[in-house]
Structure formats: structure tokens, C-alpha cells
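Below, subunit A partners subunit B and then partners subunit C, in two separate complexes.
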Partner chain A sequence: MNSRNASRWIGLIYVLPALIFVCAFVLYPFGQLVYTSLTSQSLLGGGAFVGLANYQRAFNDAAFWTALGFTARYTLFITPILMGLGLLLAFLVLPNRKIQKFARGVIFLPVVIGLGTSSFLWYWLFDEQVGLFNKVLVNLHVIVHPIVWFTSADLALWAVIISVTWKVVGFGMILFVAGMQSISSEVVEASLIDGTSYLQRTTRIFLPLILRTILLVTLISAIGSMLAFEQLYIMTAGGPRGKTLTTVYWIYQNSFINFKLGYGAALSVILTGIILCGTAVQLVLTNRRAHQ
Partner chain B sequence: MTNVIGTPTRKFSADESRIAGRNNLTGYLVSAIAVFVAALMLAPLVLSFLSSVKTPEQASATPPSYFPTSLSLENYDHVLHFGAGLGTYVGNSLGVAALAIIFSLLLAVPAGFGLARFSIPFKEFLFVVLLMPLMIPYQALLTPLYFMFAKLGLANSLFGLAIVHTILQVPFSVYLMRNAFEAIPRELEEAAVIDGCSTFVSFRRVFLPLVFPAMVTVALFAFIASWNEFLAALIFMNKETSFTVPIMLVSVRIGHFGSVDWGALQAGILISILPCALIYIFLQKYYVSGLLGGAVK
Partner chain C sequence: MKHVELQNITKRYGQFQAVTDLSLVIEKGEFCALLGPSGCGKSTLLRMIAGLEEVTEGKVVISGADVTDVPPAKRRIAMVFQSYALYPHMTVGQNIGFSLSVAHASKAEIEKRTAEVATMLQLDKLLDRRPAQLSGGQRQRVAIGRALVREPEVFLFDEPLSNLDALLRVQMRLELAKLHKELKSTMIYVTHDQVEAMTLATKIVVLDNGRISQVGTPLELYHSPANKFVASFIGSPAMNFFNSKIINVSAKSMDIQLGSTRQIKLNCSGTDLKNGDDIEIGIRPEHITIAESSKRVDISGAISIVEQLGNSTVLYVDSEIGQVIVECGGDTNLEIGSAIGLNFDIKKVHAFSTGGQVLPRHSV
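On to the complex of A and B.
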């Protein structure tokens, strides 16, 4: 059909603005990034082609490995916490009673707050002079003396994990609740007739049937954690002694504080490689066709 | 689309407690725990608010107190007149967000229509190209974008920052709009063609009204993401008069004399939370449906 043929090109015209935008502001800059990563460019000049020297340097840079290691540790700690708590909360607020719906709304509220803003809020709560977190713990007799949170890398990591958990745990919870509610009631009722216990229903029906959602939320959380920046920049400033620098933070320092552009670009390309692996899996899991 | 927070959902019926298999006593217990957790989640916000209405001296006092001894709006007054003035920062944030909303809609609505309604050559490949901002994190692109914008005269401009914020929104927005257009039955389009509408007219008259809810969702997400975005604003907006609200908080914390003005920081935090909280409370339906549609479907 002639009109069908013509409509192929009309359709392309509708998609074209978005395609041009992505090419101009994502693909073209990424090409530049890869090129810069092969040069010795800095703000003072340079720019000679140095091949893979920047990548070699990253490989031998202890500070980069520390940052990557810290980011990985942060991700490995916070992801299971977010998934576990998110699931527990989902079971808690699953019934459609008024109280539970209200709780859902409140627990989700911090998700719409900016990560920067929430980090400032928790920076204050954890402050050893004026913060109330210590005061609450002392009043509840959990600790005797106020804790100084940001002079130890381990305590700082936990402070950051607590603050980010508060901010994002509602995200997983809402997706899990939606997943559980889309399980058809026949399945659940059939299991009730079979006389299953609550625990059996949880582990044999609810969890397996929302497995894809759990995997997806895990991936989204892990990718977000691998890109952590604000929470550390605001709460710890990378300290003590650079022990809580994340990968993005290290790239930011090299590119925008020390202006080692070539090196910063190489680090950015490595980061992109890591994130690409995660998002590739995410895209396969969200594949539209398989679930329509 | 399921609406998880507000109205009752389609598949679970009223006898849910029976489905969950809980008797009344455990039902009450679960409700009590839910209320406790909700209170725990609200506590940081409530404490921050209480601190923001303390006098500046009390807000920075050691040891701290939970409640203000006297009410004072002095902290809000400090933020109002901080640096270039709160109006400038809020204006910048609103300007960037408005541009990000416009850009996102202008790109995603036609793209979603094209992908949903035409058999375009290499369609799925083009769709993946539009999802590229998911795969190449914008954090990695900030250096090349910074120099590109410097050349184009977009450094320190709301327009430039809005472009970066739009990059973040493209994949989600296109995805959502494509789904919205695909959900419209073919018959409607055919009826429009029979009535002699061109594709553009049927796009405007038939489709746009039907995908309006999805457009609201795209706009909401663009607003919240842009209003909250930190790293690009930190790098691209380095003149005091071009700061957005989150970057204003950085300078509020540094303060004028090297010591933190804690009361002003609380006031600033609450001001930056307010628009997103209001949107969430009043437009929850659009927000949550978008989240569910975009993230897992």
C-alpha cells in the first residue's frame, strides 16, 4: 500500500526531534568523552594523543580503586537493606485499610524529596553538636554518649546508609505493593482453601510471583547506588581522608576541581562501562514484548 | 494503571484481611506497626520544621532541644534575604523546571506517537537509541557538556541546565508516551481517517486529549527531577545569581562567617521540600501511576 509506505517516513518525522536531541546531547558528547580520554588534556592545555595511558593510570591509581571499592561496598550494603525493608514494609501496608493507605502515602513521601535536600536534613540530624539523632538514641538509652558520626569512615557510611534508606525505601515498597496487588485473588483464595499458612503463602506465592519486580527494583537501586554522589558530597565531603569518596565524586574532583580532563574522561568511560552492564540487564527484564 | 496509594485497586477486593489470612487481632497489630513506621518516617521532617521556627540562637544551641521555646520566623527571614535573595534562587529553579517540562513534552509526545502508531524502519533500534541516556549516565557526560555549553554561550544559563535535566527525562518520558499512545484503540484512528483527518490533525484532535493524563505525568516527573537535581546544577551554575535552590543550600550551610546557620538551613530545607510535597499530595494519582508504568511494566 502506498500510503503505508509514506507513513513509514511520516512516523520517522515524529521521532526525529528526540533522536536529534539524544544524538546532540548524549551520543556526541560521549564520543568527545571517549576521544578526550585518549589525550592528556587539562584546563592548561595539553591535549596530545596518549593512547590508553589514562586507562593505565586509572588501573594503577590507588585512590581510584579506593573510590570504586567504597562505592561497591556502599552498594553491597544498602541494596539488600532497601530490598528487605521494602518487602517488609510492603507486607505491612498491603491491606487496603485506611490506616495502611495512609502509612503507604507517608512512607513514600521522602521519595519525592531531593537527595541533596534530604542529605542536608540528615547532615543536621547526625551533627554531634546540634543534631537530634544522638539525642534520640541517648534518650532511648541505646547509647550513653553522643556518637561522632563523620570522623570514622565506617560510621559515616552507616549514617549515609540510614539517610538514603529513609529517602528511597518507599520506592521499592510501592512497586512491591503494586506487584502483590496484581496477583489475582483466585490464586490466593485457592491457596487458602488448600489450608496454607501465612508463611507458606508469603514464600510460595507472593515472593515468587513478584520476583521480576524484585529483580528490577534491585537493579535500579544498585545502579543508583553505583552513581552515588550528593549524599557523600554533602554529608562527608569524601572524608575522613578521602575514605568515603565515590566513583562519581572522584571523577568530579579530577575533572572540575583538579581539571585533569583527560584522566577524568577515562574514569567516566570506565564508569559508563560498569553502568551499561547493569542497564542492559534492566532492559532485558523490562522488555516490552515479553510482557504484553 | 494501578493506583496503589489512593483509591481501591482492581484485583484485591474488600475481604483482603481474609486473603492475607489474618485474624482481627493480628490485623490490629499490623496496623499499629504501620502507624509507628509512618510516624518514624515523618519524624525527621517534623523535627526539621520545629527547628526552623526556633529562634536562630536556639536552633544552633548545644545540646539541642526537640521543641522551640518560642516561635520565631527569623530563620525564614534569613533565607529570604540570603545572598542574591530567595526569590532569585526559587525563580531560577522554577525557570529551569518549566523549560525542562516544555522540552520533555516537545520531544517525548511526538516520539511516543511515532513509535506507537507507525511502522518505522528500524523502530526498536531507534527506541533503544532514545533509551541511551539510561545506559550512559549523565554524570559521565558533564565535562563534554560543560565545554559544549561554554562554546554555545549556555554556561550559567537556565536554558543549558534545562537541557541537561531533559536528557535525564527522555527515556522515561518516551517510554510512557509510547505506552499511552499504544493503549488507544485502532478503531478511533481509522474513524478519524474516514472522516478525512490528516495524520497531524488526528494527532491533535483525537490522540492528544486521550494521552493528556500521561502528559501530566511526564510534566510532573520533569518538574520533580529538575527541581531536585544537584550535581549538574552544582557544576553548571557557578555564579551566585544563577544558583538553583539545592545549590543555595550549599551556600546557606557554609554561612557568612564560617559557622553553620542551622536555623536558616532548616528553613531552606523545608522551602525546597514544599513544592514537591504539595505536588505529591495533590497529584498523587498521576505521580504513582507514572512510577508504576515507567519502572516495571
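On to the complex of A and C.
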């Protein structure tokens, strides 16, 4: 065995623990998911190999496409809000003064609260009888009568968006702050001497130099939104009339309420494929811009 | 004609005082080097001239106008940073033309002036490259180009060559000297490298602990240092310093003890000196020669280290007054451990008071 081969084996030994972990906790479960999607397996047991029948059924499942449409709409609404607000907050809390450091901590605080807990919190805040949100809006004369947030699909969607934004916007903000702080202070000073205004500095120095962080936050936000479940399960329960049913919620209903594990697995594989495709497109587009 | 004037400048960071009541005048067209060790306040001073650092007390005046509270872009200055500070996402051309672009100059104007500067700095073939695709020297030239395109009144350089290797540093030094000769602009250059300051500057300001230690031309500082700090900072190999005692002091000269047996007469004196006082003397390595005969020897010792540099040989000699550094001809061939006699060029010996101030020389 020559030294090149030996070093290959040594390299393999070093990555073996990570490889075993990935195989045991990612590849094997995913393989099982794909296998289950090809069966009529039920949560109660039994089931036979059915080939692509579950996929065919998903293709004709109107409820699935409605849920996917709602999830896409939710993602398209909430991602720009999280990005825009995260960036705005990052610019506001960027300087390392005491007040800005404190503000960073306060804005980041909801990130460490569980999504379920925060959804319950906001569910009560939006309550038409005892909710603080309605009371504030009525007292400020923004509305005359308390709004029943969860009887309209649109209002329910916005209620969820507000709650999730409060919960996760701090995460994006911290990543943006870290990205901006990694820009050399001399580069920023050079732009000051070159005569840039605040807006020019933002658009021509900061934003292009944190493009990769923007991509990362977009991906995290978009993937998180495509997998939305807890917030809608707790706040709207998919209502009114299933109009706020997300894809994962529909997968959950099929797998664990209707016991159709095989069909639920097929829907999961389809959702994984959609997210992977979306991520790949986004990566290619942003990488191209980053190299332009 | 006064171009840049610093009037009683003080800079404090909380309790720490980085620059203390500093006043300085830089004439139009001068190449002024701010020289000093790390932490002496030279970069802080440059940043205050640039407007990147607030002035705690005092005034910065450029071309007769008080610019203390004027933003950097409106001071008609350009700055070259130590790390080049190029915009990594822009090409060489975009980097050079950036200041014109933010000032909304026309595309044709930006292209014309960028091309002029690029040709001048031999960057014309690299205009489409990104900073990451350039060598250190090329990046530094782009940084200079970015400064040149603004046609500033004053160029500020903050240790611009310290990230380059030795060979490239010499090359860039020559290019900067040529540039100053061509443009005849006022240039202020921060460095801790005395060779850079000596070779480039027409005026050197030596800073120590946020105060000016001495201002002068390179040769003035070399031959007539105002104090021990300047004497030790300028010159390589560094000046030798020895403790001594005054044996006999008069108005214009004094006899001092050198070692246990030798006395030498120096043409310098001080008003408050008296016989028996401690003083320190300093002499540059090139002003010490190897004694040719045993007739007259100022100090003798044994060679501990020999550094052969080709054009000169540096000897480290252990003697009764301490280690003596001697610089002699490149072809000197002496063995480590051999005994040696040394003679001092008495006219070149500097005497310093216990406070470190040089004692004034008198012509005899």
C-alpha cells in the first residue's frame, strides 16, 4: 500500500463517525420513508407494496394541492417580511453602543422560546374577548369592535405571520449583524472617504458584501415556512374550513389522524423534492449574482 | 505655504490620552512621515486629519479652512490603508472609479479618468479583475489609484507597505517616491519603519506617547537627534548607548570617563551639569572603528557575534562598558572570540542628560 492510499484510509477513519451518524440518522430514515411511500402501510400495522400508487393519488388530491398553495403563499408572504425586517433591525442595532447591544438581546429573546409556546401566547393575544391585541387596537381607535382573527382565512394568515415574525425575526437580525460586522472597518472607512451617503453605503457596500448571509437567511426562512406546522396547528387548527391547512399539517392528518402512513410518506417525499428544487434554484441564482 | 495645520490637537479615549496637545505644520507639496513605535498615536493622528476619528480638543486646518468638524469626503483628502481596503465585490476599474460613481459623474468621465489612472499605475490590463485575483503589490497600486482618481489636495498613507514582502516594499517605495515627484502633492505617511521614513520623506515627525519628539529632515534627525528616543529610533543598526560620569565640565566642553581607564573630551555641555554627574553617551555603529595599532585604543573587548551583510559587517563586541555594536567594511574578516581594540569618532559622540535630552554641541 503506497502512502497516497494510506492517507486516504486515514482520512476515511477520521470522517467515519460523521459518516455513521449521517447514515444512521439521515440516509437510513430517508430510505425507509421512500420505501414506506411505496406501500399502503397504516399506523395500525399491515400494508403491502403498491408501487407509485400513493404518488398518483397525491397528484389527484385537491386538498394536498390546496395545502401546498397555502404553504407557498405563506412562504412568499413571510420570507420577504422576515428578510426586510431582519435587515432593517440589523442596520438599527449594528453599532456596538450599549443601547444597541441591549436592543439586540431584546429582539433575539423570542428566538429561544419554543414555537409552540409562542403560538399559544399569540393565540391568547389575538383572542377577541381577552386578547391584548384587540384591546390596544380598540383603545387606539384603529378599529371600533374587536376583530375575530381566526374566522377569516386572510386574517388568520396575518395573525400567524405576525406571531412567527415576532418569534424568529431576531435570528435573521443576528445573522445579518454578524455578516455586517465581518466587513472590514477599513472598507467602510474607505467608502466614507470616497464620499458615499448612508444609502449608497448600504446598497453598494453592505448589501453586496452580505449577499451570502442574505442567501442563508432566505433559505432558512423559506425552508422553515415550507415546513410550517405548530403555529397553524395551535392558532388556527387548519381553519376556517381547512383554508389555513399547510402541507405538513395535511401530511400529519393523513399519517396520524387518518392512519395512512404510506400516503403520508409519499406526500413527505414530494415536499422534500419541492424544497430541494427550490433551494437549488435559489442557490444557483444567488451564487451567480455573488460572482457577478 | 502652510497646507495642513494641526493646532493643539488632543485625543482621548475615556481616560486614555492617545495624542496630547500636538501642533504641527505641513507645507504644501511636502512628503511628511509620521514615525514612531506601535501605540505612539501616529495612526490616530492621521485618522483625525482624515476625519475618521473625532478630535477631542484642537483644530485641523487644511488649505486655511478649519475642517475639524467636516466629514471625510469633503476634506479633499484621499487615504491609502494598510490593508488596502479595496471593495472585494468590485473589479479594479470599479474600485478606482467608485468615488466618481458615487459623485454621479458621467459614465464617459468615469471611464476616462479610470483609464488615465490605470495607465499611470500600469493597471490597464487588470481593470476587469477582482482584488482577490491580484498580488499584494497590484492591490496596493489599485488602492493608490483609487486615491489618485479623486485628485485630492492631500494624500494620507497609513502604513501602506507593511503587508508587502521586503522586495516588493522596496519597489513600491520607489514608485511612491516617483509619484510624489510627479504630482508634487502634499503627502502624509504613517510608518513605524524608519527606513521608509528616511527614504521617502522630506520631513519626519517622530512621535512618542502621543507627543512630538522631534521634527526635521531625515539627515537632521540622523545626525542631530533631539533626545535619546529619536537617537535610538533612527538608524540601523541602532545607536550604542553607554553610561558615563562627568569628570570635568566647562561652559563649552566636558571630559567624561569611558571605561575604567580612558577619558574623552566632548564638545558639548549643559548649564546645570557639574562634575561627578551621571550622563549617557551615544555613538552610531559606523562611527566606531577597529584600532589599527595598540597605540590609541578607546575601548577593547572580545567579538561575540559577527553579521556579514555583504556591503557591511556588523560586529557585536563585549567590553567593560557593555556590548558595543560596530559597523565596518563588508570585507572585514574577524573571528568570534578574538580580542579587538575600538576607537570612537569623538566628534560624532552624542551626550544625553539623565532625562534623555541631548546636550547641545559647541563649535570649538
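Note that in this section the second predicted complex is superposed on the first by the 247 of 292 C-alpha atoms of A that agree within 3 Å, B and C clash if a C-alpha of one lies under 4 Å from a C-alpha of the other, contacts with A are read in each partner's own complex, and residues count from 1 in each chain.
What we mean here is this: a contact is a pair of C-beta atoms (placed from the backbone, for glycine too) under 8 Å apart; a residue touches a chain by one contact, two chains touch by 3 or more.
Please read these numbers as outputs of a predicted model, since none were measured by experiment.
Enquirer: A:Ser184 contacts which: subunit B (first), subunit C (second), both, neither?
Expert: Both partners.
Enquirer: Which of the two partners, first being subunit B and second being subunit C, lies in contact with A:Pro208: first, second, both, or neither?
Expert: A:Pro208: touches subunit C, not subunit B.
Enquirer: Comparing subunit B against subunit C, which has contacts with more of the residues in subunit A?
Expert: Counting contacted residues of subunit A, the larger count belongs to B.
Enquirer: First (subunit B), second (subunit C), both or neither: which does A:Leu43 touch?
Expert: neither
Enquirer: First (subunit B), second (subunit C), both or neither: which does A:Leu192 touch?
Expert: Both partners, subunit B and subunit C.
Enquirer: Kindly classify A:Leu76 by the partners it touches after superposition: subunit B alone (first), subunit C alone (second), both, or neither?
Expert: neither
Enquirer: Which subunit A residues lie in the overlap of the subunit B contact set and the subunit C contact set?
Expert: 184, 189, 192, 197
Enquirer: In the complex, go through subunit A and note every residue touching subunit C.
Expert: Contact set of subunit A toward subunit C: 184, 186-187, 189-197, 200, 204-205, 208-209, 211.
Enquirer: Going by the contact rule at the top, pick out the subunit B residues touching subunit A in the complex.
Expert: Of all residues in subunit B, those touching subunit A are 2, 4-6, 8-9, 11-14, 16-22, 27, 30-31, 33-35, 37-38, 41-42, 44-45, 47-48, 51, 59-64, 66, 103, 106-108, 110-111, 113-115, 117-121, 126, 128-137, 139-146, 148, 163-164, 166-167, 170, 174, 199, 224, 227-231, 234-235, 246, 249-250, 253, 262, 265-266, 268-269, 272-273, 276-277, 279-280, 284, 287-288, 291-292, 295-297.
Enquirer: Can you name the residues of subunit C that touch subunit A in the complex?
Expert: Where subunit C meets subunit A, its residues are 50-52, 71-74, 77-79, 81-83, 85-89, 98-99, 102-103, 146, 150.
Enquirer: Which residues of subunit A touch subunit B in their complex?
Expert: 4, 7-8, 10-15, 17-19, 21-23, 25-27, 29-30, 32-33, 36, 89, 92-97, 99-110, 112-117, 120-125, 129-132, 135, 166, 170-171, 174-175, 177-179, 181-185, 188-189, 192, 197-198, 201, 212-213, 216-217, 220, 227, 229-230, 233-234, 248, 251-252, 255-256, 261, 264-265, 268-269, 271-272, 275-276, 279-280, 282-283, 286, 291
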